[in-house]
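Naming follows writing order (A, B, C and D), and every chain is counted from residue 1.
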Amino acid sequence: MERQRIGVFVCSCGTNIAHHVDVDAVCESVQGMPDVAIASSYRYMCSNPGQEMIARGIQEHQLTRVVIAACSPRMHEKTFRGACKRGGLNPYLCEMANIREQCSWVHSDRLAATEKAKALTSAAIRRVRHHEPLESLTAEMCPNTLVIGGGIAGLTAALELADAAHDVFLVEKTERLGGNLARVDLTAPHLDSARDLLTERITRVRDNPRIKLLLNSELRNLVGYVGNFSATVRTNGASGAHEEKTVDVGNVIVATGYQEFDAGRVTHYGHGKLPNVVTSFEFERMLRTGRIETRDGRLPQYVAIIHCVGSRNKEFHAYCSRVCCMTALKYSHELKSANPSCYVSDIYVDMHAFGKGCEDFYKTTSEVKTLFLMFDKNERPVIRKAAPSDDCDMLIEVNETLSGERIEIPADMVILMVGMEARSDSGEVARLVNISQDRDGWFMESHPKLDPVATTTDGIYIVGTCAAPKDIPDSVAQARAAAARILGKIAKGKIEIDGVFAEVQDERCSGCRMCNELCPYSAIEFNLDTRRSHVIPAACKACGACVAACPSGAIKGRHFTVEQLHAQIEGVLL
Amino acid sequence: MSFEPKIVGFLCNWCSYTGADLAGTSRIQYPPNLRVVRVMCSARIEPTFVLRALAGGADGVLICGCHPGDCHYSEGNYKAMRRFPLLKRLLKDHGVDNDRVRLEWVSASEGQRFADIVTDMTERVRALGPLRIKSDLQTDLVER
Amino acid sequence: MAIRVNPKLIDELATYGAADVQNCYHCGNCSAVCAHSDDTFVFPRKPMRLLQMGLEKRIEASLDPWLCYYCGQCSTQCPRGAEPGETMMSLRRWLTSRYDFTGISRLFYVSWKAEVGALVLVAVLTCVGFLTYGFLNGNIAHYDGPTAFLPSSVVHVFDWVMAVALSLLLLINAGRMWWFTTVKNPRIRPRLASYLKALYLLPLQFLTQKEYARCESRRPWAIHLSLMLSYVTMLILIMFFLKQIQEGPAIAWPFHAFGYVATAGLLFGVIHAMRGRIARKEPHLKHSHESDWIFLVMLLVVTLTGVVQHVLHRSGLELAANIAYVVHLSLVVPMLMLEVPFGKWSHLAYRPLAAFLAAIHRDALVSQRTSTANGEPGSTSRALAAA
Amino acid sequence: MARVGVFIGQYHSDSRIVFDALASYAANLRAVEKVRLLGLRPKVDVKALADEIRRERLDRIVLAGDSPGYFKPAFTRAFELAGGDPSEVRLASFREHGAGLADATERAKAILACAVHGVPYPLVAVPRPTTVHPATLVIGGGVAGIQASLEIADAGKKVYLVERSGTIGGHMAMFDKTFPTLDCAACILTPKMVAVHDHEMIELLTNSEVTRVTGSPGAFKVQVLRRARRVDEASCVACNACTEICPISVWSEFDANLTHRKAIYIPFPQAVPSAYLVDPAACTWVQSGGTKCGACAKKCPKGCINLDEQDRSVEIEVGNIVLATGYEMLDAHRVEQYGYGKYPNVLTSIEFERMTNASGPTGGKIVTKTKELNRRLKVEEWVANPQGPPPRSVAIIHCVGSRDPKYNAYCSRVCCMYSLKFAHLVREKLPDAACYEFYIDMRAFGKGYEEFMERIKAEGAHVVRGRTAQVVEVDGQLVVKGEDIVQDRLVQHPADLVILAVGVVPAQGTVELAKALGVPRDADGFFSELNYNGDPTYTERGGIYVAGMCQAPKDIPDTVAQASAVGAGVLRSISTGHGMGNLDSLTLSEIEERAARSQAAER
């Protein structure tokens, strides 16, 4: 094997690494290794000067390979590859040793941690010798976008893209647009009309010739990769007949929203049994029709609102549904407007009035004499029928935290603030578009802070409440954020494909076709003429399943070759 | 000085490696005996990797992938799951105790679980002592 | 056993002056800034909570409102403008009406017209009564002597009769306070010894209002104390030395000197309070219930008519002095008869009694806590000890 | 034609609208049969109203006012009782659609006209497209500004990023860990900062301020004051030689005044641009008019220091402007009862952030401040020395200056979570130290936040529901007084270190900037968005956008989402010219005509 000139750069990460790993000792230990040209350390390798140091080092020492012992490659591999590129080195000729997340942060024995860091670094050095320069490829970026879900987030995203003169396919499962927001009368905290907001968006969507609206439709299949997806959408006709059509899109925005928590699951609230226990959405309906009445047509004198139904407890969902508190306050105002002489009890856990204007809203709700009663989230109010002698239909029994008393709250109507939960078909959607879900079923973003709308699958974006509960402004902002990302990509016209993918070495391939079936992305095609398989680079996600499975060892997993991994294994065992 | 086993870990990039990173960001401590080799998916792990590791002086090998159903590549972990028992049998025939080679599922959010597995495995391998058949394996299996 | 919430109570309390209590979001700031609040009596937040929830029985059993002297720190620092100080004030009014078994107190607090009406009625009756007596038994032109229009001996007897009646009424109400707060309170099991031990507090608190002095600002206490001592001085003079101070026209300095000082004290106190309530600058004078004004106005006119009567008498204008005297009495009698047992003045009994009962409660709670063994010890002492 | 009844009532009192004029305008609209002024917070008699509706045979009701939704249920009820279609109760919401400005009455008329026609106002009030200059100005280099810049520049459009301080990064660069994942802020942010610096489409103007904006949406001319850095940005290699020789040391803003920096300095090691700068207010040379010192200029091996450099003004032309000016912390001195400034060991949250930061003044050690002699100034100062004694107990006080009209009436949205994070850091770094959190409502609302709170509680932090009333010193020991509401008792916890979770306020200069740009601000001082629900990142003024904390308090994920969202508007407007121009550019008659037209189209 040819001689290499390897530069090793060890990061102290402030004290993050240096605290438990003797960075200088690591440098020293690798100094003598074959091919190592330089080994140096720096406080923050990822910082501008740190990156500069790498780029300069490549030039000054004519380095042909670079090893960076620092944090996790998941954190900064891209950064350091960029630094190598600036230094004139192919970015794939760089390898990272993870001596922070998997070493300094998890071991407090300085000696042992330093030893481990040495081993990891030397493994990286051994591995990097076998690295090959890889070039990324480019592919076309189809300017069309598929938006799944016709709620406020989907509508906004579709409009944003279509207004910028790009075609959008808006797929909605039901027969109408608007999603859950269409069931709402007014929005918190300003009691603005939800209907006006939706009418504006829906009218503009309908009037926009760039938006192909597909109602009663579902995504059935999605193949391809970023910039070059092919989506199969099934539209259900009126008479049970359905038609399928396949469209080419470059990106997909998932805006499938949420479903309300089934209040019937909390048995002691008696939803479905007690006639005047209603969910927030049932109450919204009363508001829209102007009939805030008990089942037998009376105006309720006592109304109780119970927060966190299905949210913030061990039994159902641990998370907060984020919008219910303000919605509950809104109900207070609406109840008092419809019937000024009614008494509203608001039974809450913590008042999440965090948004703009919300604290003031909370105050005005207090001013209209809403009785706020607090309970512990792990306890549960119990609703029971009142005695005939009582002046109310129901009594809610709960331990009130702010007074320390066990109390009974009179109620003629109980409104259950049902939380949001991931849609029951979210697993299906996740599978179709190849994104992951967290344990609550919400779609996972690629990074909650860096990239809250992108997913780990390129070209697939998640916006609105399908990613986690959120209110209208935040959903709208996310929808536009995804649109911005897509507009940026469309503007460039082409996409870059990472240089890491599998390739079939023709001369070794026996044409057994075992790999064809194995590939989850159908990225391996069989050429009937040559009787050989080959990989479509843009579709390949570089998982390496085919590489490991090929009986004749004909498939090379770029950047994860057998030689590279063997060298690394030997290295870690030093 | 007590015996400090060397364990090689093959971790899939999306779940287990991230989970291991999470153990780091959460500062959950575990023994320093594990040395990690990152692969993109547990399906990439060839049996020879394991043999190579054992031959090279490892006292144990830990393979971690996403939980069944969670694979970033849909079903790569199922492939690993199917390969593993065969490998184990092979190793057992060669006198390698089954406790030395382990397949575990660790998700990106299971930093604690990862640390627990490493701790447990290190203890077990420590109890088993160094892998004595290393030299035999070297002559039998090395070089493909 | 769960207690039923009564969301209507808050509306009822609004007529007693608790206008902003619904705004409270229970941050607990008020309790922590209050100089009187402690581990046993945590207020004003807790009573505000009870009020918001309408737990009448709990409020009835609570001494908290009487331990507040309304320095206004809580209201100044309240982030929600819930006026805890004023809420405590209105709770005292409400409790006064609760302690009063006749229901008159409640009537007065709920309707100022009823209160004024009652005052006028009693005034007219008093006036007619004294005039009738005077014309039948004396000469309106004579102030002193055997033909005096209203001889001091007669007035003296009348005073004593009234005093006994009022004391009786007040005593019954005070007894009810004790009954509600201490006997019927399920959380308190008082010991007899504590009663004896705390007995000294009754006169001490009555005469010094020591508790009031613990407020952040001591000025209101000083003014209130001067007003109260002036009033007590007047009371003693009238009850025991009426003859000496009524004889004239010469000035009996050993007695009148006290009278003058007391009059000055009363005038100063009343005018100060009225000016404060008009200016509305100090937190405790920002909100005035109708009953506050009625009380102050009554006190002012009573004092003024007393002064006029005294000046006229000493100037030898006996006819005018007699008329002034009748007017004076027609104001004093309704004021005392209605305000002492049913109105704001009743607090002269409730305040010291509350301090006395508070000591008993504290005692009882301490012994209950130690008897429940190893219960949660007082957080303050424990935390400080830990440090 | 519909028979419309118009009812005008206010919920809040302040308004510039002339209601009589509005009423007579409404009465003259063709479909309107009935106009009634309801006044402030009207008590609606539903039965009487229903009779009135029946009498007038109304088939649509328009409720107009600042927040007419507050009365809607009564009207819906009445309309239903009168046999009408409840969905025909329409709102003309003046606050929602921005009728609080100079020409409030005219705007209110337009909003009302749209409602009478049954058409949403935003559908109609869309200014005509214009040509848009392809460059964009982003004001503020915090995470919002960085994200917005990258989003736009990545699409190949020119961005000018103007930052007031010497480095981009904003507040986020000062943080160590971010909630709830506890990943390191620098690890997320520094790559982005580097990306901004290296981006060929981004021109970074640090140490600069926007002074004047003229022109119209799509074609703004912006005057930028470029303060003299006095160090050549391009050639400085951050070797630190100048700082070593500089004799002047002042409190470091970046380290929240916990430690000192020199008059020539770099805010922090990873600063972007990675170049030093001179603080003219502290520099002896600058202050003496070039007669004294000047040591750094002589020392600099590359000769890139020019202490006589002057401020200059540059003019740039842009089509869009993004406001990402962020926030600052409320001055904790104002909340007197907590003794900030009086007791050295009462820290603000940002000070504690720096203290726990591994690259901060104590290297991440949590310590109490100690008194040390500043040898140069011969005064004793309280400093955070890494060798200082660690606190045995730490109290964290929530809502300092928040949720209280005396300071900020609003909730600052991030304090609960960062306070929990602090508790975690305290428990992690000092397992023996007690940690108390005093809160009013624990607002853990985001993805993973509630779970984070449970975790912190399980870690042993004492969570006390109750606002702290006071911090006092008793025999040299800080004591935090408050009510523990859940336990129903007063507590006085001794605390060696008190951390104030100080609320946020709009950044300095927001008022001036709002004036210069003509962007309205809300009652709390933040920039107003165009529409609370529908357009949270646009402003009343076309071509100007808001992102991040300058619009309202928000956490990092929400800020990043907003900043990206801004990118959509900018890119769209550049490519099509849509969405530009002031709404004011439309006349009332135009809006009326459009409303009538879209109503007809809907039929």
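Miscellaneous remarks
Assume a residue touches a chain if its C-beta (ideal position, glycine included) is under 8 Å from a C-beta of that chain, and two chains touch if they have at least 3 such contacts.
Small disclaimer: the values here were computed from a predicted structure and weren't measured.
Chain D has the Cα centre that lies closest to the mean of all protein Cα atoms in view. Per-pair counts of C-beta contacts peak for the chains A-D. Here the spacing of chain A and chain B, counted between their Cα centres, is 29 Å. As a whole-number value, the distance joining the C-alpha centres of chain B and chain D reads 48 Å. Between chain A and chain D, the centres computed from C-alpha atoms are 25 Å apart. Averaging C-alpha coordinates per chain places the centre of chain B 82 Å away from that of chain C.
Residue positions of chain D touching 2 or more other chains: 181, 183-184, 403, 441, 465, 485, 488.
The multi-chain contact residues of chain A, meaning those touching 2 or more other chains, are 75, 351, 363, 402.
Across the assembly, chain C contributes 25-26, 46 as residues in contact with two or more other chains.
Contacting chain pairs in the structure are A-B, A-C, A-D, B-D, C-D. Across the complex, chain D is touched by residues 25-27 of chain B.
Chain contact summary for the complex, chain A toward chain D: residues 13-16, 43-44, 46-49, 51-52, 71, 75-76, 78-79, 82, 160, 163-165, 185-187, 190-197, 199-201, 203-204, 287-292, 312, 318-320, 322, 333-335, 337-340, 350-360, 363, 401-402, 404, 442, 447-453, 467-468, 472-474, 476-485, 487-489, 491-492.
Across the complex, chain A meets chain B through its residues 72-75, 98, 100-103, 105-109, 112-113, 115-116, 119-120, 123, 431, 434, 436, 438-439, 456, 518, 520-521, 541-545, 547-549, 557, 560, 562, 565-566, 568-570, 572-573. Residues of chain B touching chain A in their complex: 6, 8, 13-14, 17-18, 20-21, 23-25, 27-32, 35-41, 43-46, 48-49, 52-53, 56-58, 70, 72-76, 79, 83, 109, 115.
On the side of chain D, the complex with chain C involves touching residues 337, 392-393, 399, 403-406, 434, 440-441, 465-470, 477, 479, 481-485, 487-494.
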